[in-house]
Amino acid sequence: AQGGIATQEGIPKEIRLLGVRDHTGPVAYAGIGGARGGELAISEINRSGYLGKGVKLTIEEVDTAGSIETASAEMAQATADRTVHAIMGPTQGQQAATVAPMVERAQVPTIFTQAGSDGVVINDYTYRATAPMESYYHLATDYLAEKRLRDVSVLYNATFPTFAEIGDGPLPKQAAARGLNIVSSTPVQMTTQDFTTPVRSIAGKDPDAVVMLLTEPQSVTALTQLRQAGYDGQVIATSVQGGGNLKEAGRHGKGVIYPTDFSPALTSRKARDFVAAFEKRFGQLPDVYAAEGYDGMWWLARAIKASGSASRDGIKRGLQEVAKDGFEGAMGELTFAGGDMRVPGVLVRWNGTREELVSGGAS
Amino acid sequence: MTDWYFSHIVLVQSTLTTLLLALSVQVPLRAGVFSFAGVGCYGIGGYLAAIGMVHYGLSTASAILLAAAAGGIAAYALGLLIQRLTGLYLAMATVAFTLIIAVVVVNGGDLTGSAAGLFGALGTLDTGHLLAVVAVVVVALTFTEIGPLGRRVEAVREDPELASAMGIDVARYRRATFAVSGVLGGLSGSMTVLLRSTVTPDDINFHLVVLALTIIIVGGSRSWIGAFVGTVIFVWMPEVLAFVGEWEDVVYGVLVAAAAVYLPGGVTGAAMDGYRRYRRKRREAQSSPDAPPPQPAAAAAGGDR
Amino acid sequence: MAQHILNAVALGSVYLVFALGMALAWSTIGILNFAHGATFMFSAFTAHVVTQQVALPMPAVVLVAVAAGALIATLTQVLAFGPIMRRVADHRAAELRILIGGIGVAAIPLAIAERETASAPFGFRGSTYQAQVFEVFGLRMTTTVLVIVLAGIGIGVGVWRWLARSRQGLALRAIGVDAETASLMGVDRSTLALGTMATSGALAGLAGALLTFQLGAIAPESGDQLLIKAFAIVVLGGLGSMGGVIVGAFVLAGAETLVLAMNQGTWVDAVSFGLIFLVLLLRPQGLFGRQEVRRT
Amino acid sequence: MAASTAATTGDERRAEPEATVLRADDVAVHFGGVKAVDGVSITLTAGRIFGVLGPNGSGKSTLLAALTRLVPLTRGRLEFQGKPYDTVRPHTIAARGVARTFQTVRILPGRTVFDNVALGAESAGRPGSIGRAGKAERGRVRQRVRTAIERTGLSGKERHRPDELSYGYQRRVEIARAIASEPTLLLLDEPTAGMNRQERDDITGLLDDLRGEGLTQLLIEHDVQMMVEACDHLFAMNFGELIADGEPESVVRHPAVQEAYLGTQGRAHA
Amino acid sequence: MLEVADLHVSYGPVHAVRGVSLAAEPERITLVLGANGAGKSTSLRAICGLQPASGGSVRLDGAELLGKRPHRIVRDGVSLVPEGRRIFAPLTVAENLRIGGYTADRSRVGALVDGVYDRFPILAQRRDMPAGLLSGGEQQMLAFGRALMAQPHVMLLDEPSMGLAPGMVDTVLAGVRAIADSGIGVLMVEQNVDAGLAVADTVSIVARGEVVRSGQAAELRQDASVVHALLGEAALAEEGAP
């Protein structure tokens, strides 16, 4: 590769990006979703001549295959490649936290999606296009308070960083602030497969609602077994259950409500356009990962435009500048806390076949 | 070259740290001790180094020393505790030890960063330091593979009772392998963490056990060279297989299974067999061509008295 | 309390069916099959794919999974373990290679399933079966649990007795000790080994179907978690003892249920592995394992 | 066999003639209900060959295992060169100079004959030394290995792996390994099983030479003629107990031995 | 009847058996003698299919056995007592015997086991003990008894008297004689020359992988010195020791 390209100021004809994320392995869906959202955004950006006539964004994807090792190895290669202007970073929190110091050393601006743990957005080169779940999870407690569902049981995966963070901290606090009464809090671990026992004791308490912070297969099982244990109250879940992950729970999944940063049920024009374009291109509804990838890519494009330079430094400056004012994306009015995105969030209900809007989502 | 080096620096470094991890399982295995305590000590070392650096501001060198020492002590103590166990029972007990460590760090509160782990433990290691450590380890291990000590270690593995009838203190050898594997695990864990700056409970899992074992069996379980060859193969495989894209894991599986079937002594074993056959061929070619079929002693045995 | 015991029995039965298949091949012909978890998962996945096409009743779904499991295990034996066993004279040399061969084989179905599902959970939503909930003596359970408990205990005891009593069972154990000499007794070791592996795979398939019915859905990675548990169960019970597997499965399930019932969910693994550790300290050959036979 | 090379070895360890080398007092080894050895007392004096005779299952090998501490004693006391050793671990007594062979061949399958014998040579009285041996010491070890290999008729097979050898030769590796350690006391459990008369005589010739060098030996064999010729003193066992003890000829003629050992026909076999 | 003709076996470059011809006829015991490493065990292993032969033929009643797998050969009626006993150590004595009767008629197994116990009472005492704990000689009895369980047409014995006390040697060899007399062909390797000659009908002497002499046992009994000479025992013979 010819050296120095990505450090030249100004906007060249080709702006080369690299997507470094999981395309295989247990959380491949997040990487694949993000890549597809980004791909859609790039095609829109290029087609519309948003960055100037004939200016093309191109992206190449490499697979981190679910491993921190591979992620940092790929990232080392990506950052050493002087033709790369920016990187769309890993989706797994730990991969992201590991590569964060690397991108600073190499001074390559990197936008993560997902990557919901601490230690990711830690310097001038790390940005994240996913709002932390706890920043909009109050939608759930608001809803419970509004519906007077006072007594709440919490069932959460306490060894999964994102859920551990919510389950141990914000959730009890938000609940207390809204006069909710947490009657039981049941931590389980990543390897828990069968929920008969915890679900049994929850059903025994018969709370008004159950807040369930679990991974996809866990949530299907827990829901099924919760219903079989005779519990028929409201279940509140998370965006992890979005994107049709509750389908396998069949009738037991019906009526589950969860806050999410994006839903195809959103009604803003931006959201509807995104959903339509995505469906046309990929033949299916976009999930949260796709929306984040899409908005993240637009953040980048706006950044280049704002600073008038696609150099690594220019992009970095642009990202900060765009973050100051925020912009409207598929996920709604986007604001930023430093390099970290914030969304209005939306509360949806799974009706057995798709998501329905419950509240929020106004833009 | 330097370009290549900088873009592959992570792979180069993780080859060295992974080699230490593989050795931490290979060393006991060579003495017939089927122990994965080294992987547990990888976790202990990694966490101690990160805790030392993040919470107590230790220097890189002292964090690594602390980790190695703690790994050695922990494994030695474990070895004392379970010295009556053998074979797969011992393997199970050490796997249990390793997985319990993972649970303990998940429940470790702020000290261990709980489920999310610790980040920001960036040490000042470079490839030169790693090379130095690995070189010292490899030289030391070489002495346990050759000559009298090598034979004794082999006797302890193949037939402990015979070994003790030959005056070898089998229990002492076993305890020693525990300590060594703990030190190696601690070194590997701490250096890995200080290079990458993060450590999570996820890092200590059964897959790491499987990886270490796969490396030494595919590479060759009898000497550090086998561990090295295996490490190179498995660290670099994702890079090399990148072109098959999403079928990488399938190809990986096929290659591993094929190695198990076709390479009895691992890659190094196959290479040595090949070399031996080549030498024999040459020897035969050199000995007079018109002599009756080679009489490699055995056939002549019946009457050589 | 009684409810907790029932839950533990149900969980133990799932572990049992899964672990039995693994123990069968392991403690007879000496094959510690690390692809057992992948076989389990992929049979359930196959049944999932089939139910998406045709709405099958529960027995048919189970049958599909059992057949898939048997097929996968047979292939594994023919392509990997058989060739390894043919190439070595003594069993100890083969042990580690079989382990690694299994690890390699396991990667293949896992990769395929992860790709096809994008790692989303899958189940038998297409099946006509709906679990019925009923109560006896105030204990709540589902028809699925009933089936699992009956299958687990029935098959467990059956396999145990068969191995101890039958001629083939004896021949299998002989192969595990010394395959060459076993063949001198007229034992057709490759055919018996193939049959054993097929049976073991069928049990993995059965466990796959039953567990998926029980949990509603599993993920491609679910097999790995069970694998390590089954390994622990067999060792806990004592290698070579089918009775030990039965006890081991319920002991482990009991311990896990207890920890969960005490609402210490994040300590489950520590407690169950700690228990195994303790048992091994007190009984180095597992609960029912035999002391190694070695003479001077 | 190359008896001529023998004279140079073993002299450092030669014990005082007639000094007591090993004393076992009321030794018993029970396995559950099986009383494999039940109250055996023997004394081995320096520089002589002692033999143990007895029907199959009479406890000979178990006695050997007890003397080398490989099985726990149910009761009894053991003394080697005046020092009690019934509680030490097996490697200690081996390191003090007690070498043995096993009834079932036990050799390292992955190592050459040379290496297997070297294992014995290196064990000689240097407990736990971690192979820091100097050049001179290494040379001496190699010499010991060569001598042992020559004396057991294994010359030419140094580079073979044990599993490439016929059974009779595997037995020789066992013997070579034991004598390479230049022990003070050598215990042999059916060293000539699987050999024909000529081959046996070669081995007994070797044992005789070793006796000449002052080595005390305890030999288990079933070949009565060979035992009478080779041994200075015989012990006869049955059901774990000593039934006779003394001059070989008289022991063999002892009625209890005739009865127990030589079968119902009572006809001597040789 | 078993006919071995011009058998060749190699271990890699080692040509261990070079054209051995032997026969085992019903009611007759063929004794195979030879020094250590002469190729006796290798020949027996090749006949049973445990070691691939590189040439020659092994016919049982005219049908070729070479190339068949061991368990097939056993089912055809050839059974081997292997060198070094090879009992199944963790299995009990009774189980070892039952597995020996794997190919036998199911209903007869019980009676056959009892027959072995009658011959070797110590095995009956030890029936529920893991066979690996038996003494060396007891294991040898078990290996012999186990082979009897298969009710073979032809029996191959690799040093059946090894490790046996003299009285037991007589018992076993008398047993071999009785087996032969019941119509079974026996091919027996023995190091105990005198005891072997006492029961054998025919003798073949193997050296360096070849048969160097064969003849009737009766003749060779008269002329033991020839045998000893061929086994490399010339020195002994001259001294007239036996």
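By letter and in written order, the chains are A, B, C, D and E; residue numbering begins at 1 in each of them.
Going forward, a residue touches a chain if its C-beta (ideal position, glycine included) is under 8 Å from a C-beta of that chain, and two chains touch if they have at least 3 such contacts.
Because the structure is a prediction, the values reported are computed rather than measured.
Shared contact partners of subunit A and subunit C comprise B.
Considering the contact criterion stated above, the chains in touch with subunit B and with subunit E alike are C, D. In this assembly, A is the chain whose CA centroid lies farthest from the centroid of subunit E. Here the CA centre of subunit D is 29 Å from the CA centre of subunit E.
Subunit A and subunit E, compared by their mean Cα positions, are separated by 76 Å. Note: centroid distance subunit C to subunit D, computed from Cα atoms, is 49 Å. Distance between subunit A and subunit B, defined via averaged C-alpha coordinates, is recorded as 38 Å. Counting partner chains per residue, subunit C shows two or more touched chains at residues 111, 114-115, 266, 269, 292, 294-296. Each of the following residues of subunit B touches two or more other chains: 103, 106, 161, 246, 248-249, 298, 300-301, 305. Each of residues 11, 14, 35-38, 133, 232 in subunit E touches at least two other chains. By the touch criterion stated above, subunit C contacts subunit B in their complex at residues 32, 34, 79-80, 83-84, 87-88, 93, 96-101, 103-108, 110-112, 114-115, 224, 228, 231-232, 235-236, 239, 266-267, 269-270, 273-274, 276-277, 280-281, 284-286, 289, 292, 294, 296. Contacts from subunit B toward subunit A in the complex involve residues 3, 6-11, 14, 103, 106, 114-117, 119-120, 122, 196-198, 200-203, 235, 238-239, 242, 245-246, 248-249. On the side of subunit E, the complex with subunit D involves touching residues 11, 14, 33, 35-38, 41, 83-84, 122, 133-138, 140-141, 159, 162-171, 191-193, 195, 228, 231-233, 235-236, 242. The residues of subunit B lying in touch with subunit C in their complex are 81-82, 84-89, 92-93, 95-97, 99-100, 102-104, 106-107, 161, 206-207, 210, 213-214, 217-218, 221, 246-250, 252-261, 264. In the complex of the two chains, the subunit C residues touching subunit E come out as 167, 170-171, 173-174, 177-178, 180-189, 240, 290, 292-295.
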